[in-house]
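Both complexes shown next keep subunit A, but they swap its partner, so subunit B is in the first and subunit C is in the second.
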Partner chain A sequence: MNERRLKKILILAGAAATLLFCLGPFVYMLATALATDPEFLGPGREFVPTLAHFHSVLFSESVHFLRYLLNSMVIAGLSALVSVFIAALGAYALTRLAIPGGRSILLIVLGISMFPPVSLISYLFKLMSALGWMNTYPALILPYVAWTLPLSLWILVSYFAQVPRDLDRAGLVDGCSRLKILLRIILPVAAPGVFATFLLAFIYAFNEFLIALMLTTDQAARTIPVGIALFEGLHGQVAWGEIMAAATVTTIPVVVLVLIFQHHIIQGLTRGAVKT
Partner chain B sequence: MNIYYEKISKQFKTGRGVAHALRALDLTIPDGQFFIFLGPSGCGKSTLLNLAAGLDAPTAGTIRFGDQVVAAPQHKIFVEPGARNVAMVFQSYALYPHMVVFDNIAFPLRNTRAAEGDIRQAVQRTAALLGIENLLQRKPGELSGGQRQRVAIARALVRQPAVFLMDEPLSNLDAQLRSATRAELKRLQAEMAVTTLYVTHDQTEAMTLGDQVALLKEGRLVQLGTPEELYRHPADPFAATFIGSPPMNLIPASLQAEAGALFATVADFRIALPDRLKSKAEGLTSRQILLGIRPEHLRLTQYGLLTGTITYTEYLGREIIYRLDVAGHELLVLMDRRELRIGQGVGLTFGDEDLHLFPA
Partner chain C sequence: MIGSQAGCGSALRRTRGPARRPLSAQVRGFWFLAPLFGFIGLLILIPVLGTLLDSLFRDIIYLPARFVLLANFQALAADPAFWGAVRFSLLFVLVSVPLQLLLGLGMALVLNEPMPLRGLVRACMLVPWAIPAAVTGRVFQLVYNYSYGAANYLLDRLQLSAEPVNWLGTSVSSFVAVVAADTWQTTPFAAILLLAGLAAIPEDLYAQARVDQAGLLRRFFSITLPLLKPVLIVALLFRTIQALRVFDIIFVLTGGGPGGATEPLSMLAYRHFAAGDFGYGSAASVVLFAIALGLSLVYVRVGRFQEGP
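On to the complex of A and B.
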């Protein structure tokens, strides 16, 4: 066996191990969702496929699964949108305008983002109760925007810094205001970064559990992660089949989003802007 | 429309203090001229352009476009770049990469809320002027360097600006394309008769394009004049060596007056100075001077005013550069002949009229 072949085998083995590590849980989730008996791996059990779990998750009224999914998508979508927009304004200012202490602002933002959410939870609870916002969308969107903002800002700053400064100057000479330069030139040129940031913020908000658990009480605003955690089986036991089916369906919007944006993220939009 | 820079200073705050980009500079650019800011990097030429564009504000002084003051920090006047009706071509072209060529050219017009029909017409007309009608639906990424350059010029021309600003627009093109584009720029500018400020560090560009050239160094104006004036009457050793290629020879010498005649001595050589240099020589405080003579004005002969040996030759095709050692100083000679060898002793002659004199 020559060295080249060995190398190839090692690469394949590494790739297989990585794939197994990443996709293994997903496969197990899917299999459990499709199995009649969630303990199908145990001794003496067998795998009998069924769609019953999916059916009950999607169509039984009492589960409210589709409502949770809708809540999650709207809340995560709006949070990501607002977060990216505010972060874009901030990133533009930090990369383009002569702001005194711009560097320290970024570091302070980073520092603040390290506060564990759990330390804020009781305050948030009191605040939202006082505002009368408990169990509503804004109760989650507001904290999610604040929570994802540092991340969005840092990513966008790094993307905006790569957009040639001459494009701003050209925009100014061509009669744009600063806001117009951001909207018409910088955002489209940095689109791959903007999409990536939106996706990350969306996934963060979509996965968030603790705040959602504390600030929602029922299907009016409850999100998927909380919904799944509070899933109750018919006879008091843990409904693994339904939980796995729900989790499987939940991955779909995220995967679809990634597939839609993938094209934009990979496309090198800055190509041809300036001679390098 | 004349452009006036009056007592313009510009300082930048850097990590290590304040950098002076411009120091109380006065300049007037007459209407319709192709005006060149020439100088080495860091001389303040790009800053002058940015100040005219409104991309930078002066620290002190006044900038006027005709009668309109566009920047005067002492009176808190600053006109935004978009309101100055200037157009700019950038060294990097700075095309909008997400827009097709048509939209790139139309962009400045769309910001003025012009009617879409008028915009279409103006874009077509400008594109035709530059021969890029067939590229209108392409994105900048699909264009060659020369084509991008044309799009950048079209975007600047399209709204018929009052002032045309160019920041080293040719420096990213290869040599052949550069000289072709240079000729075309000159033609376009003459046709449109728009006051043009052009920044370059390339003296060839400055000489071929400029109606007038302002030579700058360290934020100060060294010399202002037509290309010919700068070539024939350089104001100081810097101007003498910056303009012309290869640069002018400067030979340290000392002045001597004898019976009403002036001489410069270099080692054992004595060179009689023409009368026209007399007044300049009398104004000097020191007897130490620099004698200037351009390589193309030196001739190699058997017996000359100076003698030296050839140390090195550079073959340029039609011409050849000889490097000579003359009494320990290196002199360059640019000429046609090439049957001379390294190490050979030669004599040098030159005409009185080609001699320059500078304080050392």
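On to the complex of A and C.
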């Protein structure tokens, strides 16, 4: 009885600590974005709320913040879309067609995803320069598709493996081509998994930093993480209010998405990493 | 019924189904895999090979490249910044990964128990994971601000330190600062992985152990830990490889400073790329790549071992 009570107290304290740990810096970011004076924690200062930082980040032309956000949305969205489609083709082959060494292919693809991105960027820089694509969307979309493919493939394989084979057979008997079976039967049946994969690939591409840092030079294609990292403010000193407002506007959509679809995301994440 | 949903109602093509030749099926399979191989080959494998090759050249932007064999690596070996980066990268892995896994295990154990609002707490754990690391770097830059950051505010409020700490100003404190920021970002992810592992442990085992009067600690060490081991190993290797290639958060938080004290290998390589010295930067990333490849092979071996027959 005593042990049980102690355990209960420990668990509640642990949950509270976890919550504080996870949300603390996030709330601090939010508070700074809303504070008239970003130094509100300094001695003799106080917190006075304002929306001025959001206003200047969203409406000041010279900050290019909205442009960065648009770039990120388009680049991450297209990358995730293409990545999921190509991974779906591959996952279909690996789960449905007789591929010799299918298991090894999966493991090799996983091994490839372990490569440090820094070992790609000099070559990508030269490639995109030679093609004249520096600072354009394709310069980021193409590497992002490749970069998210291992993740997409692993998650989709685990979802496709759960779709009953009878559905395929019914399609084959009906005279469907393999591609049609994938598009009209497997993908709709596995839709929640496909959607989780898309979300994960989107977040990975949206958050990518190093390749975007190397391959973009200005607002024509610069993504939001790079924009925030290099943001210096307009008046010389570090504009913490603007930076945190920009960070908030960037992270709120992602966080809302994650909170709404947490179930799918957790499932996708753990399937990609922990084989069930 | 199910088949007709797909709307491919031609019974004439039925011949393909059961009696297809294995060889043509294999060929078809490779067509499905071709785009995957194409993208990964052209945009990952060839760039990595290109970097490998380039590490053997003196390749500086606007100058003709010249084959120098191992001269870049010799220059690296004589570069104190290189050894500093190797030291930092390894130390960062050695300190942050165990710390994050232990914390993550603690969170997972807590979250695995029934409690009010458990779903909400779990959802909040995804928040640090979902934020771009570059943004996290910015937020922690403010957290560590000397005169008005949250870190010194808390130290002062809790009366843990008489004087504010110059977090990003000394090599030891900046190391702590970087590890703490990275721990915030990645621990919840480790916890989510471990939580999935915990959920897979059959409840019967614990019920049986309770019948046998096994205490809390005993149950943890005889049931939870052994059964969680495969997931722990996966999380360990994942985190190790990610920590080894850390870049974003440090680039923004400290820029590798003060005086290169927190510069990982990936940033050393990037710095030379950005300055146009591709050969030297490639050599540095080849070293990082070799370390990561070694660990990837370990991962693949563990993965295969786990899978069994």
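Going forward, the second predicted complex is superposed on the first by the 240 of 276 C-alpha atoms of A that agree within 3 Å, B and C clash if a C-alpha of one lies under 4 Å from a C-alpha of the other, contacts with A are read in each partner's own complex, and residues count from 1 in each chain.
By our rule, contacts are C-beta pairs under 8 Å (C-beta built on N, C-alpha and C of every residue); 3 or more make two chains touch, one makes a residue touch a chain.
In this text, all values refer to a predicted model and were calculated from it rather than measured experimentally.
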Give one of first, second, both or neither to describe whether A:110 is in contact with subunit B, with subunit C, with both, or with none. second
Once the shared chain is lined up, is A:191 touching subunit B (first), subunit C (second), both, or neither of them? first
Now for A:173: first (subunit B), second (subunit C), both, or neither, which partner does it touch? both
Subunit B or subunit C, by number of subunit A residues touched: C
For subunit A, which residues belong to both interfaces, subunit B and subunit C? 166-167, 169-170, 172-177, 180, 185, 269-270, 273-275
Looking at the complex, which residues from subunit C come into contact with subunit A? 1-14, 16-17, 22, 25-26, 28-30, 32-33, 35-36, 39-40, 42-48, 50-51, 54, 106-107, 109-111, 113, 115, 118-119, 121-140, 142-143, 147-150, 153, 184, 187-189, 191-193, 195-197, 200, 215-216, 231, 234-235, 238, 241, 244-245, 247-248, 251-252, 265-266, 269-270, 273-274, 278, 281-282, 285-286, 288-289, 292-293, 295-297, 299-300, 303-304, 306-307
Help me check something: in the complex, which residues belonging to subunit A touch subunit B? 164, 166-167, 169-170, 172-177, 180, 185, 188-189, 191, 269-275
Show which residues of subunit A lie in contact with subunit C when the two form their complex. 3, 7, 10-12, 14-15, 18-19, 21-23, 25-26, 28-29, 32, 38-42, 45, 86-87, 89-90, 92-94, 97-100, 103, 105, 107-112, 114-127, 142-143, 145-147, 149-150, 153, 166-167, 169-178, 180-181, 184-185, 203, 206-207, 209-210, 213-214, 224-226, 228-229, 240, 243-244, 247, 250-251, 254-255, 257-259, 262, 265-266, 269-270, 273-276
Show which residues of subunit B lie in contact with subunit A when the two form their complex. 53-55, 80-83, 86-88, 90-98, 107-108, 111-112, 139-143, 145, 148, 155, 165, 172
